[in-house]
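Both of the next two complexes hold chain A, though its partner changes from chain B to chain C.
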Partner chain A sequence: MRVRNVLLLGGAALMMVVWTFPVLWGLLTSLKSERDVLAYPPSILFEPTLGNYADVLFGATTILPNLVSSVIVAGLTTALTMLFAIPAAYALSRLDLPLRKASGFYVLATQMLPPVGLVIPYFLILRRIGWTDTYQGLVLVYLTFALPFAVWLLVSYFEEIPREMEEAALLDRAGRLRALWHVILPQAKGGIAVTVIFVFLNSWNEFLFAVVLGGNTVRTVTVAMFNFISLEQTQWARLAAAAMAGMAPVIVLGLIAQKHIVKGLTVGAVKGGGRR
Partner chain B sequence: MTAARVELEGIVKRHGAVTALAGIDLEVRAGEFFSLLGPSGSGKTTTLRILAGLERADAGTVRVNGEDVTRLEPGERDVAMVFQSYALYPHMTVAENIGFPLKMTGFPKDQIFQSVKEAAARVRIDHLLDRKPGQLSGGQQQRCALARAIVRKPALFLLDEPLSNLDAKLRVETRVELKRLQRALNVTAVYVTHDQEEALSLSDRLAVFMDGRIVQVGTPEEVFSRPATVAVAGFLGNPPMNLIPARVRAGAVEVEGHSTPLASLKGFDGKDVVVGVRPSAVRIAADGIPASVTMSEALGEDFYADLLVGELLVRAKIPAGAPRPAERAEVRLQLDPGALHVFDKASGERL
Partner chain C sequence: MNRRTGERQFALALFLPALLLLVVTTTLPLVYLVWTSLQRIDLSMPWLTGFAGLANYAQLGGDARFWSSLGLTFVYTGSTVALQVAVGLGLALLVMQVKAGQGLLRVAAILPIVLAPVVAGLFWRSLVLAPDFGILDFLTRALGLGSYNWLGDPQLALVSVIAIHTWQWTPFAFLVLLASLAALPPDVYEAARLDRANAWQRFRHITLPLLRPAIVIVVILRMVTALSAFAAIFAATGGGPGSATEILNLYAYRLSFTELNLGYGAAVATVLLLITLAVSFGLFALRKAR
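Let's look at the complex of A and B:
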């Protein structure tokens, strides 16, 4: 038993190292001067500087406008996705619609298309309607990925909520919409939080579509970071500082959402009920 | 609030190729405690859900106080329901749970608070108003569900096996309280159960469901003492009624060569029948149907003997003070002619 515990602990520690190393390394790099970055062997002890952050946030190569762009794109994508995905997923989980099973697979199938195959057609479509380098253009394209994914994810959460819940709410005169708002959504809070994080992260980190369909007006953080890599040289320290700055909003969102991801919220709601 | 009168007329419900309800006609009188009793899958819960408006009937009419409510949404009918699973809202406190129907109806806050306190006091959970359902015991959760149902003072109260998740002792206590509550509120209650003891002890009248049909409606005494079919006879009573195949000959039923005369059997000569006789009406006597004792058991205060008649197992209740037969003893049985139920073997109907 003890040996097993030690092994498990060792395994966990190893995984922690693997997971935290890139972040830690990025953090250290962002605090180095460009000269220290290139030192070989890498120096663990160095004179830390906030110069890189000053540069990428307030200097000539500021990424602040790009952060704003990213927040707008990812925020709009997430908000619109949830606005449409929640009712859609709820309907799919509850109503006996024809082709319900098939729709689940269709939704998954849209995720199987390689994005590279889509980027040119999307570009052509957006150019024709004059939406290249616009927020609505990029958000629209992101929705085509985020919406099916969010619906698919949310359906499973809604299905876990016993049907008696809204039947009770209907008998309590809530009606479908208020039953959804007062009874179902609070219980699906965890699933909604998870979905929000995934959707936001996906569009926040997206690069391929952003670089092709964006431009000077809409340039997200990922595209801006790419500018630190050029043919002549790569500005590693600044790139790392930009990456750290780019992580911050997502971390904040994660911390907010985590409060709502409470497991076992429905325990004690129904006796002997559950999934049917 | 006045208690509702409920009528079901020709209710049919199909789930795909399966017919769940094959024409249900039923009248529940105002203020009545009415049970829908039957084995699982007999259609009693479906009937209740159609009454509640949670399911649509494929044919037929539901009337409450003479008004056709067949097409009305659940919230538009003046009904409240207690679910088998209680269906409490886990993210709300007990007070919010109980007050939810009032909030949805648009009552002012202070009035909701007052009504919630009253309803909670009636089921004695007024000290638990700030808890969440997950922090309550099973019995308390059940009371919370009851309070949520009565807070709105509905005209019709639907209960879907509300006691089945409680332990045996609590079940009997809650049963008594349920009836008292229904009487005090003067509300019509429709109660679904597969537990005959519950149905017989609670109901003013009850309907016995079998295979999507109602086979008998009556008071508990009527249904118990005059079951309409073999199936009802076999379903009601614990231990169950003995059902013995026999033939009518010369105004008497003949079992294993021994006749028990019955005045009501004139004109049924030669008919194959099933004789129903409760264990209490089987007597061990000096003369009668030959049988051998296979086993005897004590069920609480009562003592029962399992007897083999031909190849059929017949159970007899041994009266207190009477000698208890030894196992493997050969005995003779008399059937009490006044307590015999005779059914047509072919149709299962009572003769």
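Let's look at the complex of A and C:
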């Protein structure tokens, strides 16, 4: 029994190391001087420096404008998505919507589209209407993955709310709106928060649309990081610092909302939502 | 107006804005994608632009690079999904036995999931796989296995991008399956134990059938993700060396935005779209049948 426990713990520990290693190693690398980075074998004990962060945040290779771009794109996408998704999810989950099954299936199908199939027509369309490298253009494209995902995740949370709670408020049309506002929304607060986090996270992390449809004005942080490696092939420490700075918001968000994310993944998965 | 029609109209009023937005932002662009695939649009030779009928699709037949990328798509999708489910299920079963530290494991599992795929690709390319720099190179040398150019050799590069995808998304399978395992009724196990079923029999005849719905969902979601994978491969290998890791996504991208041959790129993307829809519908039909 002892041996078995040791093996189990060993397996679990190994798994933790494998999953956390690239991020932790990236953090260590970002704190090294360029000289320590190139040490072989890789050094674990070294004099930490914040020089790389100073460079990527305030130096010539600053990613601050990219962080701002990402905040705007991800923030606007999240706000618009929730504005459209909450009423739609309510109608899908709680009301006598005509063609409800087909509608739900359509939303689900739009969630499965390969992004490369969308980026080609959007490249041509946005170019024609002069919307490449604009916030409105990129946010419009981001809705294609954010909206179906949010609708399905919200549906799974709305369905968990007991029906009796809103029955009382359901008398007339105004009553239904009031039921949504005063009964459903407060009850689904947790689910809505999880949805907001996921939509923001997915928008922040998006790369393909941003690299093709963005440009010098709208360059999100994922694109900036990628440009880093192609421009500064050997400056690993700076790349690591840029990546850590760019990922800090989603890592912090992910750790804070850790319990909800696990629940969100499972609820979404069990009911058929969830992506990326 | 009676209550039922009132509710229906109210439901429509709430649902239509999102529906219209989805039709305009997803379905119409896809129609335009198919239309584009019937055109000759080569931005490096704009004077040749015009309707081409099925010429782009006819060209696919004799395009060795297309067939290779189609094959790579199946290899990549099949192997990453199988690995994620197998490893995720194995780890979930293992962790169910470990009483302490489950919370810590969940935190560790969250990290790869929240990381942008492009960063996952960049980190692996530099910190893990780079010759003379990455930790894997250090490990293989320390163990006397020699040094490998993981992303420079065609076959090793394919293994590497499969490993990166599996690393990033196995936690998803793990978390979902762990939650499903934890929700299974314990009394069935007790009964089986009294019947002297051994561990394998319990797994094979009790756990696995009860987990089947969760596994099917994980397979569906992971397949969709694998079929739309782009950023991690793009960051790690760019589809290379040569076209060794060029799955259909990468091929359609390179055709459209590197070679500026958008008409032909659209034809490749349309094929990918059809495959994705066929796989999704097939899996959903399978799910309903069970």
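Assume the second predicted complex is superposed on the first by the 227 of 276 C-alpha atoms of A that agree within 3 Å, B and C clash if a C-alpha of one lies under 4 Å from a C-alpha of the other, contacts with A are read in each partner's own complex, and residues count from 1 in each chain.
FYI, a contact is a pair of C-beta atoms (placed from the backbone, for glycine too) under 8 Å apart; a residue touches a chain by one contact, two chains touch by 3 or more.
What you see is a predicted model; the values in this text were computed from it and never measured.
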Using the touch definition from the top, say if A:V18 reaches chain B (first), chain C (second), both or neither.
second
Is A:G130 contacted by the first partner chain B, the second partner chain C, both or neither?
neither
In the superposed arrangement, does chain B or chain C reach more residues of chain A?
C
A:P42 in the overlay: touching chain B, chain C, both, or neither? Say first, second, both or neither.
second
Touching partner for A:E164 - first (chain B), second (chain C), both, neither
first
In the overlaid three-chain picture, which partner chain does A:P186 touch, first (chain B) or second (chain C), both, or neither?
first
Between chain B and chain C, whom does A:D96 touch in the aligned arrangement: first, second, both, or neither?
second
Which partner does A:R178 reach: the first (chain B), the second (chain C), both, or neither?
first
Could you look at A:N205 and tell me whether it touches chain B, chain C, both or neither (first, second, both, neither)?
second
Overlap of chain B and chain C contacts on chain A, residues 172-173, 265-266, 269-270, 272
Which residues of chain A touch chain B in their complex?
162, 164-165, 167-175, 178, 182-183, 186-187, 189, 265-273
Contact footprint of chain A on chain C as seen in their complex:
4, 6-8, 10-12, 14-15, 17-19, 21-22, 25-27, 29-30, 32-33, 36, 41, 91, 94-95, 97-98, 101, 104-120, 122-128, 132-133, 135, 138, 142, 167, 171-172, 175-176, 179-180, 213-214, 217-218, 221, 224-225, 227-228, 230-231, 234-235, 248-249, 252-253, 256-257, 262, 265-266, 269-270, 272-273, 276-277, 280
Chain A touches which residues of chain B in the complex?
52-54, 73-75, 79-81, 83-91, 100-101, 104-105, 132-136, 138, 141, 148, 152, 164-165
Chain A residues within the chain C interface of the complex:
8-9, 11-12, 15-16, 18-23, 25-26, 29, 38, 40-42, 84-85, 87-88, 90-92, 95-98, 103, 106-107, 109-125, 140-141, 143-144, 147-148, 151, 172-173, 176-177, 201, 204-208, 212, 222, 225-226, 229, 236, 239-240, 243, 246-247, 250-251, 253-255, 258-259, 261-262, 265-266, 269-270, 272, 274-276
